[in-house]
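Provided herewith is a single structure, encoded as structure tokens, for subsequent inquiry.
Letters A, B, C and D mark the chains as written, and numbering starts fresh at 1 in each.
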Amino acid sequence: MSLLKPFSKLPELNTANILLVENEEQFQQILAETIVLLKKNVNVNVRLARSLPLPIENEKFRPRIDLVVFIINLTSELSYQSAEVSLKFLDPDYFLGKVCFLVTNARNASVPPERLISVRKLVASLHCPLLFAEDQMTDGVNTAAHRLLAILKVTSGHVPMATGLYLSSLTRCTVPSDIDQQNFD
Amino acid sequence: MADAMEEPRKDVLVHLNMLEMKANHLAVKQQEVWQVKVGREEQLNATLQALIIKRDQLKAELKANTSLQNLRTLLDKTNAPCERDVEDMENGSENSQTLLLMARHTQLKDLLHAHHLIGGYNVLLTKGKGVCVSIATAYEGLYLETYNLEINLQCKIRISRHNIPPFIPLETMVKQGNMQTDIRAFLDTLSQYLNAYVGRRQQLHLVKEIHNSVQVMESNALCTILVLMFTVPGEKARAALCTLEYNDHTQCLPTRVLIESEDTALASSPQWKKDQALLLETPVHRALVTLKKKGSIA
Amino acid sequence: MDQSMKRTLQRLIRRIPFQLLKTTLSKWAHILEEDLLLLDFTQPKCLFTENLLSLCEGKGTTVKHITELEMIYIIENPNQVMWRAFQLLDAREDAPSIELTQFKEQFKAHLTELNSHVSIKIKKHTDEAVWIRIAWGDNFTKPNHLKPTYAVHHLQTPYVFVTGLTVKHKPLLNQALVLTTRYGSIKDASLSGRNLVAIRDLLMRQYQQVFPTKHPKPLQEKNHVPTNPNIEKEQIENTENRLQMACEAFGDGTLPQLQKAVYQLETKFRDNSNRTLTGSDEPFRGVVEFTSTNLLESLRHAVSSGIASTPVTPLLSSITQKGRNYFVVTDKGV
Amino acid sequence: MAKAFNLLTSDLDVSSESDLSVSSRASNRSLRVAEKERRKSEAEDPFLLALKYFSEVKAGTPWMGNDVLERNLVLVERMGLTRGLPPEVISTMLDYAMSLRMGAPCVRVLKFLIPATVVPQEAIVRAVAWLCVGKIAISTQVLFLKWVLTFFDMIDSKDHLRSIYGFIFNFVTEEHLCPYICHLLYLLTRKDMLHQRSFIFSLSPQGRQPFLLHLLSLYKVFCPELVTTALPSKLRGGFKNHVTPWKGVLNAIQKRNTGQVTSDIRLTIGVKDGSNSRKRKCNHLQLPSLNSAVQRNLSSTNSRKVFPLEQLHSFPELLDNLHRIELPSQMGSLLGSSLALCYLDYVQDDSAFLRLNFWLGHALHEGKKASPYAQNCVLPVSTCQNCSPLCLFYAYVLSRAPQEGFFSTESFLYKFLNVWDGSLLRPQILGLLSHIPVVPSSCIHQLLFEPLMQLFFSSTLFFKCSVIECLNDMLLKWLTWHSVYSVEDGLDISLNSHTPMNMTLSGFMDSVMELVLFVGRLATVGLQLEGCSSLLLSFVLDFYETVCDMFLKFELPLVVMPPVGVFYPALFATDPVSVDRLCFIMCRYKQNLTAAKFQQQEHVFHISSQTYREFNRYQLLMVSTLWNSRLFQPGMAVEVDHNLLALSKVPEPSASFTLIRHPAFVGYALDFHLKCWPERKDMDLKSVKAGKHWEWYLEFLFSHGYLGLQQFVQSNINWHPGSGTKSQGQGDGQPTNG
């Protein structure tokens, strides 16, 4: 099994590369197109994958990847599981602030709450940020793109005095204990 | 009420956000326009590069091929070329062996192709366990449908799926023709059937297309029966009903032709006998043409 | 025009939805154009039916006419009812040479032999399909036109599509069909659906199948929009591969509309923790049912988008290959 | 017909003065009169004939294959389904149906009984009477109740219904009818009607289904002594809406003549319709518009008629009719109109708030009712955001002094923050967030800070700004509440009547402290990430303008200094405004601290010397930076090695941030220089420092409106415009003993 390593390649000038991993390839596509079209001062390459590991054959064309985003559609158990599996093929160095999770359909009524909890647990255990996205609405997608871009800029070192690790230490996900359930239900 | 909903400042922020989005969209539009301009250029460059590479490859292949050709001619002349003359024509290049093999390979391929041309079948391995045979049908030098069979070769040969119309009695053929031992024969009969069917259908199609005066009263899916109505000219023109039966389904010529009309004389007239013979041995659409020419039908 | 006939006509009119009413009636030879003008299609059904009845009273309508109207309606929109497919087995050698007129006579003959109190109506529709309408009665009752059976047969094909057939009359119909079509026997093809055309296409393989060929033509969905140069797809080829597989399993282009596929599992229950079930010789039954407005489309999508794993399991692919949508899965297999 | 109608209505008015039995007779009489009217007037209108038939048909007439009946039914049915039926027709048909005179068609009649304008209450009273006879099948009874609930707002007045409250109440024991009856009672109940204590006890032992609990809680609000059972503080899921049987028709009618039928029915459709979620989501967001469809003339003619809220057009009207106003069945509709809100404010009716709260909970947690999973928070997405109940509630909150904490929104917010993407309904969410009551410091991190942090740092500049602003508003609200509600001794404050939590002063101070520190952290990192964007900076300074005055403005004995991460960016900002504001803030701090110092003796509170020291450091630094160029020198806050500075090749670095060379002010300096020595070619800023010019320069700066700066200079630097050599202008004047 081939690990994806963050520092195995040299960065290129003024470029940032983001990898979107989603096992059902709808939202991925839309998001990618939005991100690419955003106004920005670095040129961003988006790579789409269904799951990790990535095929060996385009190993040598693949640039250094600055941010890995796992998109999880809460309504399907499968997408959660595949993300979980893919995680194993990621070099530990990535978890120093170069991974984040994007969850869609979190507000969907048909989602069992346990799933959201388990996602939170997983992400918290990896010390990664957890973003939520409204994939149904255009400005929802826009916002998601903006936020990912913001994180990408940091992780690819285009923001002075800030690193991915630093940012993720601030934005890392936490598992809410059930205080609010007691107090506010 | 909307303005009651946000204090002025919040308005500003929302507005700013919106403006940013707008600006972004505009930028995107411009980018697109720009890309159309530049992208074209890039495309052309890319194609140029690709073509150059292609050319080089082709050159190389050409070189290889010429030597291969020489070898081929040699092979074709003498079925077993002794290493020596290979050697001397290849002036001792180490890959002569591979060249030889390639030559053999091309030779065999050509043979296969030739065989396919004279009515063989297009066979290729499917992933996993089996082959896909495709049977091309043609009528009067005009290619029509291609039918496919996926044949499973694992333990005993059996057809896993196909797109042959249901009124072709495939099962009976499988039963009668001993497919397990001699698949070749089976395929032959099948293609015969198919070609005949397609031919008949094509004829019917042509009849409908060419002859407006002739009216197709009845036909069926397998095109084994065809009832035409035409008018026989004369002092008083009479409508005649002509039935063609194709009882031999492997042929696209009728086995039986009979005519009905209000005057019974017509059926027994010598004129009709000739026409009947004509209809029996030429495909119907052409027969009708000649009949028209002879003026035996209007 | 007696009470039962009135009832039949009322039922029929009630069945026909408003928007179809006019067109259907206009096709009915029994009513002329000018009569049609008299009728007011805006008033509610019940009143409309009254008027129609009175009109028919005048024209001396008979059962024949009404059945005619019904056939028109059913043939025009066959998708209102549930169709079952039957398959004729081991054809006699003269089977292919059957032809319409003799089919008509022989079928009527055979069926009336078996049961004299039936009224049969056979009509040839454009696409070589023969439509048979049978109203059943028995020795004591007149044929019941409220619950007719419809059978659709394509000459020279071993398939018959039937709707509204009761268990009581099944053997009669089957025997008549077998005898007339010169086959050895008939069996349930375990394929059913609301869309007659779809079932026919599926059985007669009249949908666009995909085979591995030397010269592959681009699959319908393959030509997607060219994307931005900055977007790179890893694993692109295996998506294409998936698409190919999906199309080989379920076909290309628009697929026949099936509503459901049912898998009945009959197996031995094995679980040491649960003695009672494991011990019992009675097989353990479970039913899995897939339903969709267009099942095959959704399955293909599921496979091509990778929601379902590839290669396609024979259980799914045999819907198209075997032309069935009801399977009994036992320990030995399908 | 119209004439008949008027006559009938006036009749009804007469009847409604009299008691129940009379009224029914009266209405019968009215019918008779109407009959006469008809006979005179019309040339045999088939429709009227049909009505006649239904009003007169004998009991026990067969209906199977009864063509006359069929024809008439069809007539009325079509009328009902297309245009809706006028009041008197309603009463006739309802009477006919409920009396079961011909048995079967009852259900069918109810199905097409769509009122065009109003439902006369007598009709319903009579129907209830028939209900008491109890020949009717349960299912039919349920259908009838659904019908009543659906068209409740169209009932012209409810006083007679109220007078038979007891009767209606008795049906509670029917377990099939119970939910609907409870709902009906819930809508009918008034404070003055709860004197028959007996039945309430009969209610309490029953099961704890939500509808019962809702009713009980309403009773509890009215007269707590009656309801003994303990009720949960929050109830999930309000009453269902029961529109299904009429849905299709209503949709059709609405398509034809919009505005005719109350649009709150549209709401009920949405809420009821669980089948396809997309539709539900869109629909149930539409707020019920105020509409009780009562004729104006009715209400004006006699004083006991209700005055429909939607007919309030002016404030005086409101004042005139205060005593006659009914709360609508869909409380949400109140949020629509400002006058209605005024009314709500005026009555201060707990039951109203209770009902509003239920409605809100119902609207916000709609998704939960739809799904068995009661936890994940579902805010239905609407394309037009203005019609989401949230927005209207938000508008409501803004339009009034927000004292009531609506816990249903709070809990909703806390959940929603955890799954928020940061853009959906942003203004509303943040607005509501800024209105939440004080959160105890124990769970403030959990509930607010964690989710906000995660959103804040991964979002755009504008989002950051609006978050800071929102937190600023929140702080302001809290402080205001504190200053308003704090009792004299200043130790125990109960924030308001509706939030359950009471807080000690120390607890409150902890929360505020937490909040301020949190914003400090946000601001520090935010500024860093955004490259000290001056927009963000200004929002941050807004916040600290609030913070620095906590003691003087809101007498909260708490002073918190800004972190260095905020202070330095502000001090070295490139725009003069920020610097100016920083100066102003520092002045305020000074005043607060000095004031606090004097009060500390007699009061118990204590401000840590740490704060003073911090303040002094900042103060000293500012003076030495802006005024007497002593930056980077030993003893100052920022120390840099000389050699290092030398490397930077900046001439006299220590003076590089004085008022003259500070990047924010250098522009003015140049301008000033030009004005003073227009003829000079070589620019020499030093000359500005010299003697008089310096004073003029300062005046020049102040004249540009940098009042903060002015204040700062005047308060911190004993600098006399007369003898202006700034040599003795030592930055001092710090509050004594740091």
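Throughout what follows, a contact is a pair of C-beta atoms (placed from the backbone, for glycine too) under 8 Å apart; a residue touches a chain by one contact, two chains touch by 3 or more.
Keep in mind that this is a model prediction, so the values were computed, not measured.
Asker: Would you say A-C or A-B is joined by more C-beta pairs in contact?
Answerer: Of A-B and A-C, it is A-C that has more C-beta pairs in contact.
Asker: Indicate, using Cα centroids, the chain positioned nearest the centre of all protein chains shown.
Answerer: If we average C-alpha coordinates per chain, A lands closest to the whole-structure average.
Asker: I'd like the Å distance between the centres of subunit A and subunit C, where a centre is the mean of that chain's Cα atoms.
Answerer: 48
Asker: Round to the nearest whole Å and give the separation of the Cα centres of subunit B and subunit D.
Answerer: Centre separation, subunit B to subunit D: 71 Å.
Asker: Where the centres are mean C-alpha positions, what is the separation of subunit B from subunit C, in Å?
Answerer: It comes to 31 Å between the two C-alpha centres.
Asker: For subunit D, write out the residues touching at least two other chains, lowest number first.
Answerer: Answer for subunit D, listing residues that touch two or more other chains: 460.
Asker: Using the touch definition from the top, which residues of subunit A touch two or more other chains?
Answerer: Correct list: 37, 139, 142.
Asker: Chain contact topology under the given definition, line, ring, star, complete or other?
Answerer: complete
Asker: Sort out for me which residues of subunit C touch subunit D in the complex.
Answerer: Touch list, subunit C to subunit D: 44, 46-47.
Asker: For the complex, give me every residue of subunit D touching subunit C.
Answerer: Residues 70, 74, 78.
Asker: Can you list the residues on subunit A that touch subunit C in the complex?
Answerer: 23-25, 29, 32-33, 36-37, 43-51, 54-55, 58, 62, 78
Asker: Under the stated contact criterion, what part of subunit B meets subunit A in this complex?
Answerer: 21, 23-24, 27-28, 31
Asker: Please name which positions on subunit B make contact with subunit D in the complex.
Answerer: Within the complex, subunit B touches subunit D at residues 1-2, 4-6, 9-10, 13-14, 16-17, 20.
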